[in-house]
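Here come two complexes built around chain A, the first alongside chain B, the second alongside chain C.
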Partner chain A sequence: MSKIILIIDGKEVEANEGMTILQAAQSVGIVIPTLCHHELLEPYGGCRLCTVEAEVRGRTKLVAACLYPVEKDLIVRTKSQQVDKIRKMILELLLAHAPDSRELQDLAKEYGADKNRFGKEPSFCIHCGLCVRYCAEVTKKNAICFIDKGTTREISFIPEIAAKECWNCKECFSLCPTEALQAAFVLAQALAFPAPTE
Partner chain B sequence: MPRINSAAELEELRKSILAQKDPDKPCIAICAGASCLGLGNDKVISAFEEELRKQSLEAKVDIRATGCHGFCEKGPSVVIYPEEICYLQVTPADVPEIIAQTVIGKKVIDRLIYTDPNTGAKVAQQSEIPFYKNQTRLLIGNSPKINPKNIDDYLAMGGYAALAKALFEMSPQEVLGEIKLANLRGRGGGGFPAGSKWETARNAPGEEKYVIVNAHEGEPGAFMDRALFTGNPHLVLEGLIIGAYTIGSGQGFIYTRHDTPVLRENIDLALAQAKEYGLLGDNILGSGFDFNVEVHLDVGIFVSGESSALMRSIEGKAPEPRPKYIRTSVSGVWDRPTNLNNVETWANVPQIINQGSQWYSSIGTERSKGTKLISLSGNICNSGVVEVPMGTSLKDIVYDFGGGIPNGKQLKAVHFGGPMGGSIPASLIDNPLDFDVLTKLGASLGAGDMLVLDEDICMVDLARFFLEFLSGESCGKCVPCREGIRQMLKILTNISTGKGKEGDIELLEDLAEVVSEAALCSLGRSVAKPLLSMLKYFRDEFEAHIKEKRCPALYCTRS
Partner chain C sequence: MKGDTPGALGLRLWGRGMSPTYARADSSGLGERRRSRQKAMNSDKIDQIINTHQGQASSLIQVLMEIQEVNHWLPREVLEKVSEQLEVPLSRVLRIATIYKTFSLTPKGRHEVHICTGTACKVRGAQRVLDKVQNLTGIKPGETDMDDKFSLETVNCQGCCTLGPMMQIDGKTHSRMSPAEIADALKKYE
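Here is the complex of A and B:
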């Protein structure tokens, strides 16, 4: 596999062809924040928190580090005024849904994000898709999926599958950056196995 | 149908089709475009069929249901050939009279022809009606003259000659050279040079390559692609086959809507008939080139017209866009090189091959060549589909072709590109129709849908409307698009209902900036465009709503 030299935050980094900016940065200890990324899963590019500046042949673009493949002469800036502004707003948009998430609160502190900038709409889920993708790619059960589209998109357990698979698995629970997943599971459970009425 | 095995056999077939056609035989061409059908032209078609049967005229008079003629405002429209007499707003009750007076008696029925609303002058011939007269109808002009369900009509018009020329007289490299020299730019919204795209796919490594017709046309207010494709499916198909030959693709896809059954029917018939003649399938025209086409229907969401989402949909997955850091021309459907163009882009290809790049590039402006189909709607006298050369001034489109604004109202703005486009105020409509000029003005041409807005339209409400549309049509995968739309819509709803507050405009601008920079796909990066153009040209309207709790257009009654 051929080696590619690129520059991340002024530092020369050697990467393998096919690696993403995020992988190259992580290999030398440069931290790029992520929410929807997990090393066991295919890159997703949903949260956009890993947005960085990528300069190729004099042209700078804002790209998702978890997806952008490294290339020769690439110059990456993982922090800039523009990048920080984007990350701050992404966090503010998500805090409107999950204001108590520890992970979001820690990132909010770092980027100066105001959790009250947008009106509260506590749906808890931030649509990182970790549970959905883990269930599809790692356990291969597809017990949870996204339903609907646009602003009404949400996660939902499929009761028929969840009833058989989830009780002894629950591996996705620890991946959830908010409490949405467990709430959704409890709901699915309630619907699939209603408590016997007296 | 005989299979055709060479260019010479194609010309023989063409001659035999023409020999069977009597140019003096009366023909009734009834528009069966989406608008005319909606206005009841299916009943007019049945009335003509019945009347001809009753009078035993079936053998003496031809009848054909055609694609959209363009003048939707005055539909249902019927044209009687060979005199080309055009009757507008026809009802089934008019049918016996038309047959007796015009088809047999060769007389014009005054009350059914076009009357100029200003001068009162009457015009009988379709091509003399002011709406049609000054158009340059290179793409859609044949639609009234052919039955889209019969390939022979297309062949009679010289159809598939460009394919034969490309296959037998030109190398793929030469065809590519012509498309590049013609400077054909994508009609779907991006305006990207088609030649460069083809070249990337052609040079990309891989045996299997795909070509796609994007016939999704999901923008509210866009209806030119379905008009052209329904009315003349072989024109698009011929362009696609030439593209496949150039790129080295053996498999094509037509991606279209699940809710346009007439279009689907015409495409299926076109594919079957082209295959029977040997214009599609194995060993096309005996050239040794093999190419097949499959039709794929959408799942009813706007974002599935976005190219990478469309390709995932063809793969059988949910239509969620993927980032195009590796271009789809290199890695598209099933990670193979895939060239996607819009309906109108493909339809331009045959004429470029037939008449040459030099001829083609003589039409239009320096960097925007050829003609453009425009679907005119909104507050305009003549809604419909118009085809004009690039470079035509927006003012001419509104006033000459569109006939101006109805009800004595003033023009306020024209809006291009629907929910991903932008508005241009009336003060700037001397500008030409041109990809780059419109982009500079903050309103990309989009697919060519031009929504005309009069003084009673509230821009705050229009911005809100587009975001409301998008809130259900985005896929919802990435945060900036899903959450940005949610918040922008919330703020605009507040402003239009009198609950706007100081700082709202600045917050909208911040949101618009982040969404435009950080969203995953081209849809997400464009969702704030209408709002930004309206803030640029109509900021005072937003301010009036917020500061004075007043809607200057008197539309938002609750504010």
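Here is the complex of A and C:
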């Protein structure tokens, strides 16, 4: 496998072909904040918090580090005024949904995000898809899914499968960046009041 | 759990919670009654539809659309069957079935009334048409009346703006509707 040399934050980094910017950065200990990323799962690019500046042949563009593959002579800046501004905005928007999330609050402190900037609409779910993807890709149970679309999109356990599988698993609970209790609530709801099947 | 009365419990506790599309139909147990009456969708027909697509997982949307066309809605057991036969996880089938407006997870009436609320129809008075239809049928968009006669839906531009305000009943286009004409049009349907 051929090695690719790229520059991240002024530092020369050696990466393998097919790696993403995020993986390359993590291999040398450069921290890029993420919410929807998980090592065991396929990259998703849902939260966009890992947005970085990528410079290719003199042109700079904003890309999601968890999705963008490394290439030769790529120059990456993980911190810049513009990147910080974008992350701050993303955090403020997410905080409107999950104002009490520890993980979000810590990040908000770092980027100076104001959790009261937007009117609160606590749905707790920030649609990172970690639970849904973990259930599909790692445990392969497919007990939880996204339903509906747009502003009404939400996670939902499938009662028939959840009743059999979830009680002994619950691995998705700890993945949630907002509040593990929320998943517990949705699960309990699915088990106690399954959608009418008749 | 099958013996529960989801109508009574479901609506209040579901709220904005799980399976809103199922819960909505269940106020006052109406959905339950309708469901038992409309259970007619036979499994031969489903098998036939799935067979024409050689049971390929990639034709999930096509299969669902054809079932929707025949049956006018997608009962839970049909979704389970499709998931089984196409070897697609039920979670994905549910995601697809809830994301597109074409699919209905609640029983529909015998006649589907679509009222265009696209820009052109809107300025030509779609709201008045909609109000009149709501008045006559007693249902809001997205609902089905008590006798399973009409289901009302608002739709976006159907591409015939010169005919606006436009109303479709079972795919038949009624053009330049004035509120007075609506009653006559609806009367023709049983």
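What to note about this one:
Definition applied: the second predicted complex is superposed on the first by the 179 of 198 C-alpha atoms of A that agree within 3 Å, B and C clash if a C-alpha of one lies under 4 Å from a C-alpha of the other, contacts with A are read in each partner's own complex, and residues count from 1 in each chain.
Here is the rule we use: a contact is a pair of C-beta atoms (placed from the backbone, for glycine too) under 8 Å apart; a residue touches a chain by one contact, two chains touch by 3 or more.
Computed from a prediction, not measured in an experiment: that's the story for all the values here.
Once the two complexes are laid over each other on the shared chain, residue contacts for A:47 go to chain B alone; chain C is not touched.
Contacts of A:136 after superposition: chain C is touched, whereas chain B is not reached. By the document's definition of touching, of the two partners only chain B reaches A:93; chain C does not. When the shared chain is aligned, chain B comes close enough to touch A:85, but chain C does not. Contacts of A:161 after superposition: chain C is touched, whereas chain B is not reached.
In the superposition on chain A, A:189 contacts chain C only, with no contact to chain B. When the two complexes are overlaid on their common chain A, residue A:148 makes contact with chain B and with chain C alike. Residue contacts after overlaying the shared chain place A:68 against chain B, while chain C stays out of touching range. When the two complexes are laid over each other on chain A, chain A has residues 146, 148-149, 152 in contact with both chain B and chain C.
Of all the residues in chain A, the ones that touch chain B in their complex are 45-49, 51, 62-64, 67-69, 82, 85-86, 89-90, 93-94, 96, 118-119, 121, 126-127, 129, 146, 148-153. Those residues of chain A whose C-beta lies close enough to touch chain C in the complex are 132, 135-136, 142-149, 152, 154, 156-161, 163, 186, 189-190, 193-198. Residues 301, 303, 318, 322-323, 325-326, 470-480, 482-487, 489-490, 510-511, 513-514, 517-520 of chain B are the ones that touch chain A when the two sit in their complex.
Considering their complex, residues 1-2, 4, 6-7, 9-10, 13-14, 16-23, 26, 31-32, 35-36, 76-77, 80, 89-92, 94-95, 98-99 of chain C touch chain A.
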